[in-house]
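Labels run A, B and C following the written order; every chain starts at residue 1.
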């Protein structure tokens, strides 16, 4: 069972690696990191801050773009193209397929982030001439970005299990934007009354909590990140992703293929 | 019905879905507690409000609304915790009004939050004045802004001249409320008078719909009443001593002397206390904020009051 | 235990905006296929052949009924390890090469790691694609893709092989090769269930066939039986025109060509005709049974039923 999941994951990774879109996006991200070097030199005194802000934001946004681009096609493309026919006629359970796909894409994004992070640290090293103690927190920020990718991937997979690639992209993107303001949404919900309050609070808790995963501006200013925050963010991201993947399994298990 | 593999999958992943959602929701709760204010702290890191406006790609109105929600949330939370510091208030208001210079409520309420003494506000009347002046520059035809300005000058800075000027400017705006003119005149002549203050707070009480502001106006009016009655009562006590040559021990003595009709009570219904040295005190100073008279010796006028007082 | 046992399997869809109108893709189907058989599943386009296969493969779920393959349920992974499936106009991951694809399928089918490479290589040679190592599948021709399709269907040595229109889009050479492959599989003792609308292929390959039309099974039987006409006829060839009147008098159709005559007559009349020929000392050339073709059977089964006529 786990061997099959691993094989599906590896094949998904291989598919992503051979997809040209991936390289374009990575290239763009690295270009932005390089550009931040230039911009940093113009604004004196905040070079490091600019590089970190721009660099990490680029990694974050482009990674989300990759997760969406590839994630939306994970299931729906296979159904469209009927490549699933020869997969599901083999001893592969439907849930193994979903979990394998998720694993493959998550792995793709982790490798991506690694590459972009190397480029980022190279830029930082070049401008600062060395590493400093507060660079540790940059790693934490990047770790949070990876957690963010995992959640986005899980959501893209969930939508891909029942809707077309275009709609999946729209939904996932919408949830990404809303999730960025999840904390404000909860604050807003707390200000309402009655039935609206129930509804708003429910939605505000269901929406992915990306606000907490973004510590870019504070690490840019050398602030530390609380250990408790790392713990809770990890727990949250993993369980939220698990929920989305479970949803995908439940939907896909019942789906009549075209 | 036999447990088919499909129902096993459904049960397993259904359970996983439900549990994961619950754990996620709980974790969100913990995260919110951890990060209370963290998002707002980032306000300190924004290079400038103008830069943010440029980055908002035309959605500055929406972003302004978002920041205004954050101001309210920040102020509410701090206020509830009786905080003595509101250091993020000014940057947040600055951003809000830069993003949307026509967001009147930000000037009106924001200036109140800024001007008031802690724990009611950030104790920054100067900042409040600057904020409203900027609001007036951007929205010269909204008379309520001049009113807010006059209010700050009068209440928090006791600068009656500046208050009068503000009311005067506002009274000239087409559509201004008629009593702006009255306030201007009264402020100039009788800025320090209790009647002026009573007039101002009564107008506020009548015209606002916000419960918090109404309650505050009531407290102010009560304090004015005390500030009037206590000196008057102390004056009566002095008269009594002059006439009879001794300090009265109880209010009844003044009643018998025909100087009072009955035991005097404060706005909360509690009788004033007649002290042996002739001073008059209120029974529970903690329940009567803003009073300047009737306090025990050495006690400063308070703005602090217990959470559930009306 | 039969290789395939279908009990009342049916499928209907609801279409329309409010999903109210049911469309019956497959009426309740009862069918049994024994091990070692080559079974042809015939029908015009849209008859429900692919629907049946998708139901058997677990790609879609039945509206009613059930089926068992090798005695096991449709969703049983143990069963799936023993079957192979070639879909109609297959599409594979086009970013992979053929060996990569087959290796991936071998992994999923549970072929042991040490066997995979050898198996993949053997399969590629067997389907006639020995040298496509580095070429990505997106560059393959239709015929090459079909061969890859067959390779993936059999590389894990399944007991039952399902093929949906295996000859479609192939040139005559390709079709010949596929036919030979299928015969080879039969010799290995595998059960083959394949759907087609090309009757000559079915006639040549199958032991038994079923005819499906508008979602309904119209007829099942052994090819030999079906083509043995209810009115069995015999063709007699001889030299010598003297016998002609006698044979014609028996009611046979006679077609003389020079000295030779070809007559078609009912099976019961053979003895009488042979007697007549002997009496007239004609020289007998051949006595051959004339069979109806599968096509005749097919067309007959496709004719509207009385129920359809009444509608």
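For this structure, a couple of remarks:
To be clear about the criterion, contacts are C-beta pairs under 8 Å (C-beta built on N, C-alpha and C of every residue); 3 or more make two chains touch, one makes a residue touch a chain.
Predicted model, so just to flag it, every value in this text is computed and none were measured.
Taking the mean of each chain's C-alpha atoms, the chain whose centre lies closest to the overall C-alpha mean is A. Across every pairing of chains, the maximum count of C-beta contacts belongs to A-B. The chain with its Cα centroid farthest from the Cα centroid of chain A is C. Taking each chain's centre as the average of its CA atoms, chain B and chain C sit 88 Å apart.
Inter-chain spacing, taken between the CA centroids of chain A and chain C, is 50 Å.
Our note on geometry: chain A versus chain B, Cα centroid distance of 44 Å, whole angstroms.
The set of chain C residues touching two or more other chains is empty. Annotation for chain B: residues 5-6 touch two or more other chains.
Multi-chain contact residues of chain A, defined as those touching 2 or more other chains: 93. Put simply, chain A touches chain C in their complex at residues 3-4, 7-8, 11, 14-15, 18-19, 81-93, 254, 256-257. Listed in rising order, the residues of chain B touching chain A in the complex are 5-6, 9-10, 13-14, 16-17, 19-21, 23-25, 27-28, 30-32, 34-35, 38-39, 41-42, 45, 47, 66, 69-70, 72-73.
Put simply, chain A touches chain B in their complex at residues 46, 93-95, 181-184, 186-188, 190-191, 205-206, 209, 211-212, 217-218, 220-221, 226, 228-229, 232-233, 235-236, 239-240, 242-243, 246-247, 249-250, 253. Those residues of chain C that touch chain A in the shared complex are 54, 57-61, 77-78, 80-81, 83-87, 90-93, 95-96, 104-105, 107-110, 149, 152-153, 162.
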